[in-house]
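Dropping the structures in below, format is structure tokens.
Heads up, the next two complexes both have chain A, just with different partners, chain B and then chain C.
So, the complex of A and B:
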């Protein structure tokens, strides 16, 4: 249970969507323009890898597989999305992006 | 019993062992003759429908008015994922690329591939997009091929006389099963929509593709095939009152031709703008330019149609032959991005063609055009 280093914010372009493995946990990090979000690597809809299918623009994160979208400030679903996106807590310290990764955040894909 | 599965109605003269969507069997045992009861559990509640022997669950549900989630209808996209709760399913196409989205050890399967061997209960996690319910209900048709024509070295067009007739909306597609080729193939209707006895299609050969090889081997006029449709929701809705952007790669122009015929015929471009970008590789790969030129000439000023050649500039003679069209060089989504900068107000965008081209265009429409998802409609041809 701890804050963990994801990457350096230096060279992390605004709007970029990047994949990282933090202590064995795969995550996707997004630069909202100085503010960062760290999310699980798979789309909550059908597990498309968001490192490839994810796009960020103007506060909205889109999975290009079926165009589900989220407000990435809050993780709330918008448009046709049916579930919110999960997010790790993040902070930037000394030029490093840190995420609070206790255990991997996961979605239940097989619903009852 | 009426035989409904695309497999169960083999076109005349077809080899009986691989004539349709399910493949394998055409002789029905007594038990097979009874239709099965399929109960679908969704977030909206449970519903039961009938499913014929060898009929894909997706098609059975859709023809009885159930809104089930799907995109390609033919095993590639994974969108129709469901999970067995009880009852025997029969696996369909084992190598379907859409299976990469499944956890088969947890009973997940594709509604568009699997058939039932008895009464079944299945769980469908996804919501079907609401607009599916407002589109014409699909059904099985017998199609008779005609007007077979080669448009380029790797593009063929043909018509299907369909019985019974079909009512479709511009931008929709149908799944066709031809004799001797296992499984169905999705093709977008090219012609004017509405209630019709004739569908028009255009097929671009995929190297090594089974239906591609079949259709290029010979003139296929008078072949009978099974057709299920209409399907798809990348449709034109005039009541939205939007300007239209079409980005098509190769045979992706098919559905756009129907949209242009529909909109042009209704005088839509008198009050709305249309921007069409049709991408192919070289000047030898173009087709439908006379028809596109006629659409543009009929709506001067408001309908702009550009042909993008990715491998180099268009020859002067080609430009001279089609004065109503613009010719540009580059990949079609890049050509569209350059031409459309600053013109995205009140736009609905249609995108169709090979998956990498569609992905490039979707990226452009989200990142540059900043369109919302509800204003982007697409068909990935693969």
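So, the complex of A and C:
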């Protein structure tokens, strides 16, 4: 079983973007307003740490560095973003946010 | 000997040859200084730092040569490259920190890239432009990233793995062509094992850079160094040769230092650099302003950055072996500091000398003759090193050092 505890949902403010290390895997969790998403810590564009540069507002998740954006309901790119965002499966049980973390989700980056 | 009035003071003694003195305007004249940046500093190889100061991929340092901002960085491929630290977009300085790592995330930069904070353009460690914000919207298909890479500078990591940079793309010389002849005497000691910088400080000194270099190329000023004077003036000391090498460089001989004669001194033989005879000392002065000083157990390398006619920044580095144990390193540092540290025997006295000259040769000061006429069979108190330096200077500048209003080439004929 690879469902793992990320955090308690108690005190996790709506629209907040928070960093966690779950069993050695770094993740970023976002509260869409009672609905949670858990994503890899880096922007798929240029490895920007989304725990610092990520902003969730009006239903859109934005990396504030180059303004790539995603619909976190689905992970689909929107605006100028060129890649979808990867997401872990999540669920809330007994006031705990859980994510299904088998292995870290990663992106390939182009190194010239 | 009578004192002299203005006319007498301004007439060099007849017996002085034209290369045995220089006119102080070569040190004090701001216009000559500007010309030196163009004709000398922008056209020479300079050892700007050591590879051990960039130990990890993405480590960088910034510096200037002749006021041009430069960035050196170790790539993920471990190759060290140098770039103009200037964004191709609006001419903004890209990196403002003196050193650091591009792995770290920055408020207006992101990992693994250099970022111009002004408009968010980004470059990778090879100087490729990796990001132009709103590229298509602004440039359509007229301009793209591939047209807008950084300006890469010629850069070699060599001679003890120092990082050498030149602004001159047209100079076909390698570092070895440029300085190999002069550095040959210590090359095997520099290259035997990886070195590591253990000491760094910089000083901004109110003097012309050439006055500092002059001091490094004559040892007659050991009369100022009290301890050198009382312990050093031995037959071996006076036998040291002062040898001119091509491109204006000078090797200020070699000899075995008698550390036992120093107050509380003892031999440093056991920590001598690999391949170096015990307690041996070598010094190489590189045109136009760097100095390799290998004193048995410690290497000191000074690099000058002239800031104006009457101001120079000197970076002082001390190096030992990378494999030093903590105890060995501590003793090397002690050896280094006992001579060259702020409470050491020599450095502060050298600074007093050149700062005194600097305060007597401020911009606008009256032209004076500065004498470099000692001939002692090209040994340690012979001023052959300065004469050699100013020959190269005269050629590069096409100005006669003893009268910079005259052309060197014509005077030489």
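The rule is short, and it goes like this: the second predicted complex is superposed on the first by the 109 of 112 C-alpha atoms of A that agree within 3 Å, B and C clash if a C-alpha of one lies under 4 Å from a C-alpha of the other, contacts with A are read in each partner's own complex, and residues count from 1 in each chain.
Basically, a contact is a pair of C-beta atoms (placed from the backbone, for glycine too) under 8 Å apart; a residue touches a chain by one contact, two chains touch by 3 or more.
These numbers were taken from a predicted model, which means no experiment stands behind them.
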Superposed partners chain B and chain C on chain A - clash or fit: clash
Touched partner set for A:104, first chain B, second chain C, both or neither: neither
Partner chain in contact with A:66 - chain B first, chain C second, else both or neither: both
Per-residue contact with chain A, leading partner among chain C and chain B: B
Which superposed partner A:46 touches (first chain B, second chain C, both, neither): both
Chain B versus chain C as contact partner of A:55, first or second or both or neither: first
When the two complexes are fitted on chain A, the stretch of chain B hitting chain C, from 60-68, 150-158, 240-248 or 330-338: 60-68
Chain A residues contacted in one complex by chain B, in the other by chain C: 46-47, 66, 80, 111-112
Residues of chain A that touch chain B when the two form their complex: 15, 45-47, 55, 57-58, 62, 64, 66-69, 79-80, 82, 109-112
Parts of chain A lying in touch with chain C, wherever the complex brings them together: 46-49, 52-53, 65-66, 80, 111-112
Chain C residues touching chain A - in the complex, by the definition given at the top: 76, 105, 110-113, 120, 122, 124, 126, 128, 130-131, 133-134
Chain A partner contacts - residues on chain B that touch it in the complex: 71, 78-79, 81, 83, 101, 103, 106, 108, 123, 125-127, 129, 359, 362-363, 366-367, 370, 372-374, 376
